[in-house]
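All chains are identified by letter, namely A, B, C and D, in their written order; residue positions are counted from 1 within each chain.
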Amino acid sequence: MLIVMGLDSPRSDIDKVIQKIVELNCTPHEIPGSSKLAIGITGQTHLLKEEDFQMMHSVQEVVRVTKKYKLVSRQMKSDDTIINIDGNSIGGKELCIIAGPCSVESRDQTFAIAEQLKKMGIKFFRAGAYKPRSSPYTFQGLKEKGLEILAEVKEQFDLKIVTEAMNSQSLNQVAEVADIIQLGARNMQNYSFLEEVGQLRKPVLLKRGMSATVEDLLLSAEYIAAQSSYNIILCERGIRTFETSTRNTLDLNAVPVIKQASHLPIIVDPSHGVGIWDKVPQMALASIAAGADGLMLEVHHDPENALSDGYQSLTPKRFKELLNKLSDLAPIVNKELKLYEYSNNPA
Amino acid sequence: MLIVMGLDSPRSDIDKVIQKIVELNCTPHEIPGSSKLAIGITGQTHLLKEEDFQMMHSVQEVVRVTKKYKLVSRQMKSDDTIINIDGNSIGGKELCIIAGPCSVESRDQTFAIAEQLKKMGIKFFRAGAYKPRSSPYTFQGLKEKGLEILAEVKEQFDLKIVTEAMNSQSLNQVAEVADIIQLGARNMQNYSFLEEVGQLRKPVLLKRGMSATVEDLLLSAEYIAAQSSYNIILCERGIRTFETSTRNTLDLNAVPVIKQASHLPIIVDPSHGVGIWDKVPQMALASIAAGADGLMLEVHHDPENALSDGYQSLTPKRFKELLNKLSDLAPIVNKELKLYEYSNNPA
Amino acid sequence: MLIVMGLDSPRSDIDKVIQKIVELNCTPHEIPGSSKLAIGITGQTHLLKEEDFQMMHSVQEVVRVTKKYKLVSRQMKSDDTIINIDGNSIGGKELCIIAGPCSVESRDQTFAIAEQLKKMGIKFFRAGAYKPRSSPYTFQGLKEKGLEILAEVKEQFDLKIVTEAMNSQSLNQVAEVADIIQLGARNMQNYSFLEEVGQLRKPVLLKRGMSATVEDLLLSAEYIAAQSSYNIILCERGIRTFETSTRNTLDLNAVPVIKQASHLPIIVDPSHGVGIWDKVPQMALASIAAGADGLMLEVHHDPENALSDGYQSLTPKRFKELLNKLSDLAPIVNKELKLYEYSNNPA
Amino acid sequence: MLIVMGLDSPRSDIDKVIQKIVELNCTPHEIPGSSKLAIGITGQTHLLKEEDFQMMHSVQEVVRVTKKYKLVSRQMKSDDTIINIDGNSIGGKELCIIAGPCSVESRDQTFAIAEQLKKMGIKFFRAGAYKPRSSPYTFQGLKEKGLEILAEVKEQFDLKIVTEAMNSQSLNQVAEVADIIQLGARNMQNYSFLEEVGQLRKPVLLKRGMSATVEDLLLSAEYIAAQSSYNIILCERGIRTFETSTRNTLDLNAVPVIKQASHLPIIVDPSHGVGIWDKVPQMALASIAAGADGLMLEVHHDPENALSDGYQSLTPKRFKELLNKLSDLAPIVNKELKLYEYSNNPA
């Protein structure tokens, strides 16, 4: 259920509504939009009555949310959610580009890539310290050591870190380094973990599971939001189908579907979505054309010797060519991508 | 097998190679490229020996094609195939836009839409006279009457007609009106019919089947090409997956995969691929960004009263807005879309 | 719409109902059950009124069929349809076993297999003369020559012939030899062809398409039934999924679903459904346990040298072992399988 | 890598091999079969040399395992793994039937069902205390309270308990009550959790993920086995496909595929696999006919009021009818199902 109030409602009126919700054993979620203030309610909302709220001061409307997901639905909030991370926004006009290697392999490798990306103006750096792999006998990431390297990268290059948390045991360590905690496709329906991550109230990047419907993805986001953690970035990364010529089938239909159903930002990971580097730039462009708020891309300075997913990684050179095209494309879909060439600014 | 010769080889040398192929009970396919002439060979090619051809005059190379599909493979011909239909090209720099209603419903409806599309500079008009429908109790198209209306549209508006042939019985009638014969997803593996259509040697638009892999699609194109009919346009229109929020899952990965594997043009049908009109423009832009050579789009002046697929049809107004965006997008992917506003030319 | 009458209704009352339906420009389908006579109506039934029929003599009930498929629905006829082919029934208590090689390869091969199957008491012989193959460059069947061999087999061994019709051109030739006309998975949605085959009013075996839902399959059967051709055997043969360890994913759930939704017999083709011979017997047993009315099985005396699908064919020895198990299993699901060992009857 | 030794090898010889493996920084896994003793090796086995072991006493053969999964592969151990839980075996001749409600809803409900199942001779009782649900707003299980009820059931009825562990936090509590720890489909690729569960070395029931291939499932089992936890029961429970007439598509092909690829027992959950109670018995019979070692079935005494999955639960009466049929079916596939009617033995 959703209580709609004016943005200029006196704080005392808002607090009374919140107090009433708590008294009725439900959880209030204050969600300000551009023209209205919404107070979402979760819990046993079927026990609530519209009349309980309709007559309260400053309440404009009481709405039953008809979708299974509530807090993340567009019905709850008609404005796009814009997530702000130290001045870098995700979900607004500026395209969000998250780039970096699949895994932290070594300090040298990570620094080499980070340096080049920084020079291109990239603000979000991705690299996995914990790697969920389908075989127990393949490279599983550098783990704590990897996190340390990421902490150094963060410090040295002033890059925002996006890295995956795989389990409860290492969650706090990951959360210390990560600016955005990534939740992988295989953990998308690990509901206890979603709740744990939600309790940290840090920005989360939630990847769609390989056989998750859009509704499943939004319900998983709802698990996080129900913990009063609203800074959630959704990520389409390809689904499993019968087609074998590509690693996954990138479901770009999901982009406009999600844009309509939810106020959360949605980005695309074409590296996993197509799985072959020479087709990644096309699918990156297609993702933005479809209306995505950004991209997550694997970039490696030496793809042939990468310890994981080298065949889907772009070289920095190709990545830069792609950025230029993205920059041209952005205005057509009411976005923008500002690129800085630090190498041109020798200061 | 493939015999590579110089483009400037004397005709007598070429003819000798062709004659030799015929003598060996195989079929020659003369496929000129921009720098080489390829003579593709189909039939019992495992019985041929490279040496039979290597020493012949003007022969530069003899190549075994390793893919299951031969004539349509990029290995056979490295240049893109550009299909020319009365001066309108498909597969070259100019984006090919095929637009019109799902079905011919009446003379008035068809003329109303055709007139508006013509004014926007559209050259290819689509509309089905024969409609394969999953239920025998739904509208099956106006059939012969529909073809007559299309013939009138062709005459009056000088539009190139793209319409589906459903069966042997009506193939010749369809071929008389159609500039491009459309083969539907459900007929993609109707091999006898592919051969029949191939024998007409008219341009063909071949839609991907709902559960066809990219390889299946190219093998179906090969059935047509093996009849010496090389003007084939491939069309991605969505595949069947577990996702239910959209009508189909548009597999845009297929676009760069096909571009690499084959020299044939590939277009996308986002109307069927997403199946909901308000998400069609986004997916149309994404298709072109992914590298498609064009689009097939359903446009209806009165979608709510359309006899089929109204919920996925754009109004002319929205279609025109999309064209403007496509026109801006095209140069980013080395394409162009020239639009004419006839209404601006009152003369 | 469906008019229910008593089985003992006077013929004149039945004829009046039929005449009324024709007068209203619809098509009547007389479908006798064990306790009631149903008259199905197809055509523009939304224009009919229940009252038009309710007051007629001997009419017990007028029912709107709520499914998209009508004539093939269980609502239309609560009894199972039992198809009788020269005294051999399909859909009744006796399991129907259709066996034989994938293709007619030669007179010797076909006779060798037919002879062994006949000795085991098999009544239905399958073998393709026309083979739809995904590549134009693989064996496409012996075509007319294959039909001639099948005609000989039919004559010499008194076996009922099940063979595929691929196109309009060869349909009549196939129909002359076939006791049951097989329609392949790739033609399941070739609606014009379904209608053509329906007009012959011969028994039809309709295979499920690779990405067809159960509803799609029943709607395709409806196309045939709408031509007043009611002897239709449905066949589950595996669908396309992401799983690659087997050729297809045999969807045995479809068996009880179809049994409930339709009165038509449903058999299973585990040879295509799993695609590896050493897993065919298990899936054959599973099919019957799930409630199927029979099986279609590939049997070849020399699988390693088969021209098509050898890897999924059983040898006669293994097939016989399977028959023995099926015979034991049948009573558990209220079926029976009577096997005759002609070799034990030297007279 | 795999060291094959005679079953009668002196302990000292075995210990020397094990010691050698440890010295080489790898992990030995002693896996006795009926005629041979296998010592599986995991870790950096690519660094090992066959010669290191070939000359050691009692070593008969050194084998490289070619599959990605090693310890769970049939190559590692040709005999079927039979898991013994207090005298009740899984994977041997006796069919393993695990039955009970989807969730523990209350003491009364759980006891009522347990009592009836016990009377039918059922040995394994299933019921979820922790329920992973796609929506955060649906019943999530009684959690600790549910475990307490299960502990009582275990005590009072001497039933072996099968219940799901959802997360690290509650794993130990679950493990105290559970005789078999169930890992759900959504956790199948939660690799850290697989390892944690493996470290307990308790019997595990591992359900196949909704979009997991058979290979993925076996690799997940390998994660557990690599922790020296070898008592793993695999469970097919349906995969996600385009078909919507059933909840999932039960992939019974997986049963013979897994039987060939692995020595582990495989059971089937037709309740989730088809998702509609009146089709569960057919699919249960089909599962056993396909070669499964047992079944997991939802039974509820009052399905209409069940808090979860009522529509797929059998009533005790229908469950008993199914058991009788299973008992008849078992010998056909070299299994047996012994049923006891305690109510007939009033002594």
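The rule is short, and it goes like this: a residue touches a chain if its C-beta (ideal position, glycine included) is under 8 Å from a C-beta of that chain, and two chains touch if they have at least 3 such contacts.
All of these numbers come straight from a predicted model, not from anything done at the bench.
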Please give the groups of chains connected via touching, computed with chain C left out. one piece
Chain pair, B-D or A-B, that carries the greater number of C-beta contacts: A-B
Distance in whole angstrom between the CA centres of chain A and chain B is 38
Taking each chain's centre as the mean position of its Cα atoms, how many Å separate chain B from chain D? 51
Touching two or more other chains, which residues of chain B qualify? 211, 239-242, 244
Would you tell me which residues of chain D are touching chain A in their complex? 42, 45, 68-70, 132-137, 166-169, 186-187, 189-193, 209-211, 216, 219-220, 222-223, 226, 239-240
Give every residue of chain C touching chain A within the complex, in rising order. 240-242, 244
Enumerate the contact residues on chain D facing chain C in the complex. 211, 213-215, 239, 241-246, 249-257, 260, 273-274, 278-279, 282-283, 285-291, 325, 328-329, 332-333
